[in-house]
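This is the structure I have questions about; it appears just below.
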């Protein structure tokens, strides 16, 4: 493979792995070539993508270049995103999580009493998803385990901290 | 563009945007086609990528397909990211992981017996790295915990599935 | 000062395999006396260097010594009735070593795969799609109830107390009409025209009914954010 072709492949790979648009300066730095030469390669690559009628495109955006999907494929991507729902929490998981979030630290029996059903499976699911954790044992007969929410819980729900949860008493007036 | 070609482009786009390996089932569902037909398209796409000597590749990994960079481009990616992927596995971690991979589900005592040493620390490390998980308890006295490898294990080692591991008995001949 | 570089062994089996390989010995016919001598020399060296010797090394040392002494017993001393084809005292150790060796090889192979795949990169996530809507998560009753609570609270005081005669069916029809013109509507906007608490509740029940009938679906960008109603 000629150097010229090789450099083009490198640009392709860089655009693929970059998390944000790559500036011409950055690309030329990495390739140790002058910016105009790098720009020519990017254009060639874009032309190749176009000619091969690929689903992907290389666009100039935000002072840089980015690899992206062609617009006409977005309905398919939406289908993919819809399929992702499996990862979502079930209503009973959300319900249990809400109880733990507001009443932490809490035992399983206390959760069961509020929900009116046994929560053993759903508590395990939440533990597996690392949304809740064990934080000790309650000082009552039987010393039951106590659960609290995790940092992952805050991240998942976009909460800065626990006090950012809506006031529970306002919710159930 | 023919339907056949169009479907191939859609697969390309899906593999590009997916955050994780896409299963054949998922791909064929989205395309509303039979899995073998979808698989053929994926292979065609892979072949095209290969023939065009692209910097990108499509690989079978963790029960699905994924678009990724060819390994010879890693030096340039490292220049971009200014760092290597900073994951290291110690020889004892690899040894323990190999035993679990081939003998799963397996208890810690069984691992210790093969290794000839206590594996408590290394098993914890592998759990922390999510390369192995607890899958239950063995029905023998003491009900010891059983360990298996995870999907993350397949991803980390670029394996399509567990049966892609080399035959253990052929390894020492 | 000398710097003694001692190879690190994962355990006693690892050390034994190393000795067998170094001396080019046959693993199926291990000269126990020789290997025991070297094994113990290694432990002595570790001791001299003040390295901690794991108890597992000592267990295998004892095992080696025991095998060695059993090998020294002359065959003809076998007592009457004992099986002639007495098991080779090395058999158990050999089995263990072979088993361990297999996994050690497998670990090497895994290590190679690991370094190879460390050099392979995938497309980073999250990937910004052109439309935000595709990132919607499905919204459940818990979220809906909270939203309803908020609306009731906001409407409090501003609502006239009057008897509503809007039926559930009428509300369902009204909601579907609202949605006919739009791709999506904000949950909050469904209640814009409601005049009293009863009507808010009826609207809410109508929405639930439409969800059940799969006429509409409810999504939000992320939990605790705005709720959108979509035609289905």
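In order of appearance the chains are A, B and C, and numbering begins at 1 in each one.
As a convention for this text, a residue touches a chain if its C-beta (ideal position, glycine included) is under 8 Å from a C-beta of that chain, and two chains touch if they have at least 3 such contacts.
If you're wondering where the values come from, they're calculated on a predicted model, not measured in any experiment.
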Winner on C-beta contact pairs when A-C is weighed against B-C: B-C
Innermost chain, where centres are averages of C-alpha coordinates: C
Chain centre separation in whole Å, for chain B relative to chain A (CA means): 20
Geometric centre distance via CA averages, chain C-chain A, whole Å: 17
Geometric centre distance via CA averages, chain C-chain B, whole Å: 12
Numbers and ranges of chain A residues touching at least 2 other chains: 13, 16-18, 77
Numbers and ranges of chain C residues touching at least 2 other chains: 121-123, 129
Interface residues, chain B side, partner chain C - complex: 16-17, 19, 59, 66-71, 74, 77, 84-85, 87, 89, 91-92, 94-95, 97-99, 101-102, 114-118, 156-159, 165-166, 168-169, 171-172
Of chain A, residues touching chain B in the complex: 1, 5, 9-10, 12-14, 16-18, 22, 26, 30-31, 52-56, 67, 69-70, 73, 76-77, 79-80, 83
Sites on chain C touched by chain A in the complex: 121-124, 129-131, 133-135, 137-138, 140-143, 145-146, 149, 153, 222-225
Footprint of chain C on chain A - complex, ascending: 13, 16-19, 71, 74, 77-78, 81, 85, 88, 91, 94-95, 98, 156-159, 166, 170-173
Contact footprint of chain B on chain C as seen in their complex: 10-14, 54, 56, 60, 96, 98-111, 113-114, 116-123, 125-127, 129
